[in-house]
Amino acid sequence: MARDTAPRAKNGYRHQYAIFAFMVALFLVLPYVIYPVFLMQALCFALFACAFNLLIGYTGLVSFGHAMFLGAAGYISAHAAKVWGLPPELAILAGTAASAALGLVVGLLAIRRQGIYFAMITLALAQMIFFFSLQAKFTGGEDGIQSVPRGVMFGILNLQDMMTMYFVVLAIFLAGFLLICRVIHSPFGQVLKAIRENEPRAISLGYNVHQYKLIAFVLSAALSGLAGGTKAIVFQLASLTDVHWTMSGEVVLMTLLGGMGTLFGPVVGAFIVIAMQNYLAQLGSWVTIAQGVVFVICVLAFRRGIVGELGRFLKKPL
Amino acid sequence: MFELLGISPQALFGQLLIGLINGAFYAMLSLGLAVIFGLLNIINFCHGALYMMGAFVAYLALQHLGLGYWPSLIVAPVVVGAFGMMLERTMLRHLYKLDHIYGLLLTFGLALVIEGVFRNEFGASGLPYGIPPTLSGGQNLGFMFLPNYRAWVIVASLGVCLATWYVIERTKLGAYLRAATENPTLVQAFGINVPRMITLTYGLGVALAALAGVLAAPIYQVSPLMGSNLIIVVFAVVVIGGMGSILGSIVTGFTLGVVEGLTKVFYPEASSTVIFIIMAIVLLIRPTGLFGRAH
Amino acid sequence: MRGVKSVKALGLAAAVALAAGTAQAQVSDGVIKIGVLTDMSSLYTDLAGAGSVVAAKMAVEDFGAAAKGMKVEIVSADHQNKPDVGSAIARQWYDADKVDVIVDVPNSGVALAVNEVTREKNKVFLVSGAASSALTGDKCSPNTIHWTYDTWALANGTGRAIVKTGGDTWFFITADYAFGHQLEADTSAVVKEMGGKVLGAVRAPLNTPDFSSFLLQAQASKAKIVGLANAGGDTVNSIKQASEFGIVKGGQNLAGLLVFLTDVHSLGLPVAQGLIFTEAWYWDMNDANRAFAAKFAPQDKGIHPTMIHAGVYSAVTHYLKAIEQAKNDTDGKAVVAKMKSMPTDDKLFGKGTIRADGRHIHDMYLFEVKKPDESKKPWDYYKLRATIPAAEAFRPVDKGNCPLTKS
Amino acid sequence: MRDNLARDARPAAAPAAAPMLEVKDLHAWYGESHILHGMNFDIRPGEVVTLLGRNGAGKTTTLKSIMGIVAKRTGSILFEGAETAGLASNRIARLGLAFCPEERGIFASLDVRENLLLPPQVRPGGMSVETIFELFPNLKERLASQGTKLSGGEQQMLAIGRILRTGARLLLLDEPTEGLAPVIIQQIGATLRRLKAEGFTILLVEQNFRFAATVADRHYVVERGKVVDHFQASEIEKSVDKLRNYLGV
Amino acid sequence: MAGDYILETERLTKEFRGFVAVNGVGLRVRRGSVHALIGPNGAGKTTCFNLLTKFLTPSAGRILYNGRDITRAAPADVAQMGLVRSFQISAVFPHLTLLENVRVALQKKRGKSFDFWRSERALDSLNDRAAELLAEVGLAEFAHLTAVELPYGRKRALEIATTLALEPELLLLDEPTAGMGHEDLGRVVALIKRVAANRTVLMVEHNLSVVADLSHTITVLARGEVLVEGDYAAVSKNPQVIEAYMGSGHA
């Protein structure tokens, strides 16, 4: 009688499978229509935004320094691939692990504070990582780590080929996305949801909420790292851009624009923001202005974001 | 004469003084942030952009209106303060009932817009703004050459900080402000127009940033980017001092300026990170900051 | 093709189609497409930026491409000083938009990234804006020509000339990242080689707003010359604050290791006077340059051309010449080889050559910034202290460790 | 049934004075929850009236609605004949109403003097500071201490004292005896009677009906956001059992 | 001795910025009893309660639970030791279903709370026990509604079901009947009676008839201090209590 006694919940999720299937189909077709490198970039950022959303949307913690996880993993993966000569899968894994470790340290420092305090602490710690990346030898300072070899994944997939690279990125993105879905709908996710709904009550039930938030934070950091490591392999470079605080702002923008706490929102948000950056590149500082304006409009008028508003309109969680 | 790690006491004095000057900017900016945070519960991310605007107003006033440095010290805070009040009235006001994080996001967006507009208009390489003739030159203090203008910055900002502190801690207006920080609803129920007070407070905090901008203009280039890097350091200063504490932000501002100055002598590589390291340590030992109150 | 098309549309909108003559079969898709990849929004906007697009356009016009039946298009984009953005644009240009050559690219990080993409896609990369001498050193590529200047040339020119005129003790204020370290190392080497002494150096973090602490240390060192191994805003701020602290009045001199005309303009002569540095080109040196500046400035918000703008003009001119002779723009390596084989000659840089490692060789100049009363007209900022002959101006080819030069 | 009788009887009892405050069909909400379900009552000038009721009955919400500090409210609140239901709370206060909250609202970052002098004068004729010190001598001795360092009783005196300065004629007091020692409660009772003698009109929220009986002219019983009963002061002894039932004591 | 009393406090004191809310309270809760904490508004009951459940840290004094000092323990830890509280304003997880509400508590007990890699279905094994608990408080038929849809009294029942899921040894109830109508009141009182059969209950309560009905021992607090302690009959006759509750009469 377990699952079928929950008709509401079941109905609540079925359409998500359909949307997911549509998304996968779209991503399988798109590279034949749209320039794949753009898609790969967008997918990396979509994963980054989803990881960020896992934190903000499902634990209510707003990190304003998430770039440090993207960037740190980028550096480690690039270094691993280039200097240690690791194959791409191990290089990405190394970056992911590094970000998870960084997430643990940062989380231990920051997790006891909430709201804006948490945001400012993560921002400041990210700034520390930025300066470290600028000065440390192995990161190459302003130049970054250049000409990172893409290599051959699992000894068979030659990533020099653009389409192979694309499908590997897609696979990584989907794996990350599915993991996030799983986390949200796992026993652990259930506790997170309970904490977000009523933290004092969760404490009174014996939950040490800091531990749960910390795990969510580390997971989010690790997945951001996965995105960062993949991005370094795709673009064959790791640079300061990814650890700069403006990147932390961008991921907030993507998530906010797409819809915090929605499954598909961050993906939509990331694609829009990346498209805006790419296609408005000629307009110089207007890109920044446009981003700022989108930010302001979202906060003032569309706090649910595009997908969130759509979900409310359709009365279904998206 | 003793020597400390190879630095002569003279040089050390010089460095301390220099640190105090930077501290003056930290103090003024974090003071404005503290005042705004206290009453509005908003972390004003566009504080740096408004600081930059202050410098630009001074620059433009000189270029187009022939207004020199001294009138700009009044004009720029007034203009930027008015702009701030407009932002509060039209945008921030709608966010008070929401999670504080939205205030941070909105002001972050505003910072992007303001900086983008100025960058578009004036480029990024910075514009010159001269030291006012009455303050050019300097004093040889024996252990260092102290430019008159720097001495003025210390005096002026100390004066402004103390004046702000006095107004908030010792006057009726300040009592309203402190009371409204604790319990705005009740203060309004006493017949005080709290929304207007919030607008004015935001204006005041922003005007402090603009004033710091004018003071900074002759030292640094007037550049659209001048605020964005400073602001994160100032955030760290605010976290270390304890958010919302007036005296805390002044004292921490000056102190961290000095600490940073000394780091530039002993281990310059760390001078950009030292404040963040201090922040991490303070958070571990006293999560509410050095002067913060537990809630 | 939605995405690609919209890019194209935007590109076309920004571009100028110069000729409608019959397409030449040898040129890919009938059009020579030049991509100006530059900084449109940040630190290098004034010294490169939109001006680089203007310079490229002027080069195409002056070359008379239309009359010669060559169809040339120019597109431009802002790399935002982010290597990943730069490399993404470069990839898209080469892959989707049929761009044949990328020019300018101020910011070494972005330039190194584009360098790699260009090599991979076998196109052509003509660097004017970037400083890193690695582009003709261990990162050199058969598809890249470094046109205008590099860190080694600046360090060498400035260091050598100053020590020669008696500035034999140095203290460095160095930006604390790879670029700064390189500048400091290159300059120290020259100073020591010339018999000078380096008394000390201090590493200032990037984007330090306040240099007074470091300036005090420089002052205390009693070195004759304070070398500024930094760039952009850091250079400007350190010069400005040096004047405030009376460094120059106290008998020390500042040597900028990377200073542009626009920096001097933004500092103003009262602050910048007396500053010594090396550049590859100055608009007020001869009639040809002045004529170019007169035509250029109105198109770029009154900014007079910097050496980077002139370098873009010169590089594009030489590229078009090579295409005209080779009748082929598809094989980047072949085009660059052709360019290397021809001597360069244009109205701005005069005669020169391109070395095997991709280094364009020409004279460099040591300038000193005029005192305010010496300046007679707008943008009249420099006086020439010395000419560094082409033969001495650049790093000897054997010292660069460029794989292309090892057979 | 009983309350209808009482309400109908009222105009006959005091036909002369027009109500100073008249609340008609007042509804109020906190977020989604509907707290007041049509409150009706009035106070005539110079009266002391209490609202009695259990925790959560809506007494405090009624006071807050009158002061305009509840986000959503409907119905009518006439003060001296003027509608105030749409006004912001600072405008309402300026008409001559003053509110003393249940939690007393002493500001921790203000000292006693600042707390006392904080509320602005809204009308001429407020009590002088000297008179306030005469009422509450303790306050004078502790002028320089931090507001929240006072004892509970002193805090309550400060909270009442500071609204006497303002010239407001209608005082809304929310459980002024809460958590206080009997001797202090007596002192507060005395103060309220003195204030009544000076011509203040007082709307008092109480759970302690013994205390209320010592000061008030009339009592309204509130239950689930509505007035359910009404007594004159003279009727209270007869109704003790009924009241105990209402208040659950 | 520790065997007799499950919870003891010694000179428990809490100060808020100079204001003493709880002052030297010594409380002893006998194992297996229903113990009520009463007092007029502002007497410090809720503060006291929050100290016992560790949501506040005492300024002075000690708290012993089963003879163990828990003065400095974290709230989540005391909950795991079997000391579980409810809240004044009903504490449910509003957008979870009733079943899920109870399951969250079961999850803690059965150690399935950190598994982020497993499907929610892993929790289905808890459904039977959750349904049982819901049935125990009379909510079986609403198992798939979200908690927010419940009327007030039923939310209270849900809260108790959730609390029971932890199988607490000592149940702390903060005004379980606050804001309830008569119809809900009876149901909750019956429920408390039932669950108190095999555990200790300490509750803060306003409604004296409820207290009279349920409790073995009553502690009366006034102005942060213990006024008197005893059974209902003794307490209700105490003149100090009458004064504290009824006021000082016609002074």
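All chains are identified by letter, namely A, B, C, D and E, in their written order; residue positions are counted from 1 within each chain.
Methods note: a residue touches a chain if its C-beta (ideal position, glycine included) is under 8 Å from a C-beta of that chain, and two chains touch if they have at least 3 such contacts.
Since we're looking at a predicted model, the values are computed, not measured.
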Next item on the list: Starting at chain B, figure out the least number of steps needed to reach chain E through touching chains.
Entry: 2
Checklist line | Third chains touching both chain E and chain D | finding: none
Next item on the list: Find the chain most remote from chain E, comparing centres computed as mean CA coordinates.
Entry: C
Note to self: If you average the CA coordinates per chain, which chain's centre is most distant from that of chain D?
What the structure shows: C
Next item on the list: Would you mind pulling out the distance in Å between where the CA atoms of chain C average out and where those of chain E do?
Entry: 74
Notebook entry, point to check: Just how far, in Å, is the C-alpha centre of chain C from the one of chain B?
Noted result: 37
Check: Any idea how many Å lie between the Cα centroids of chain B and chain D?
Finding: 45
Checklist line | Inter-chain centre distance, chain A versus chain B - centres from mean C-alpha coordinates, in Å | finding: 33
Item checked: Residues within chain B bordering two or more other chains -> 119-120, 269, 272
Note to self: By the touch rule stated above, which residues of chain A touch at least two different other chains?
What the structure shows: 131, 135, 284-285, 287-288
Item checked: Contacts with 2+ other chains: residues of chain C -> 41-42, 45, 176, 205-206
Next item on the list: Would you mind giving me the full set of chain pairs in touch?
Entry: A-B, A-C, A-E, B-C, B-D, D-E
Note to self: Residue numbers of chain B touching chain D in their complex, please.
What the structure shows: 172, 175-176, 178-179, 181-183, 185-195
Checklist line | Touching residues on chain C, where the partner in the complex is chain A | finding: 1-4, 6-7, 10-11, 14, 40-42, 45, 76-80, 82-85, 87-89, 91-92, 95-96, 107-109, 112-113, 116, 132, 134, 139, 176-179, 205-206
Margin query: If we count contacts the way the header does, which residues on chain B are in touch with chain C in the complex?
Written below: 11, 14-15, 18-19, 21-22, 119-120, 123-128, 130-131, 138, 144-145, 147, 149-150, 219-221, 223, 225-226, 229-230, 261, 264-265, 268-269, 271-272
Margin query: Looking at the complex, which residues from chain D come into contact with chain E?
Written below: 54-56, 108, 146, 148-152, 155, 175, 177-182, 185-186, 189, 207-214, 224, 248-249
Next item on the list: Using the touch rule from the top, collect the residues of chain B that touch chain A in their complex.
Entry: 43, 91, 94-95, 98-106, 108-117, 119-120, 232-233, 235-236, 238-239, 243, 269, 272-273, 276-277, 279-280, 283-284, 287
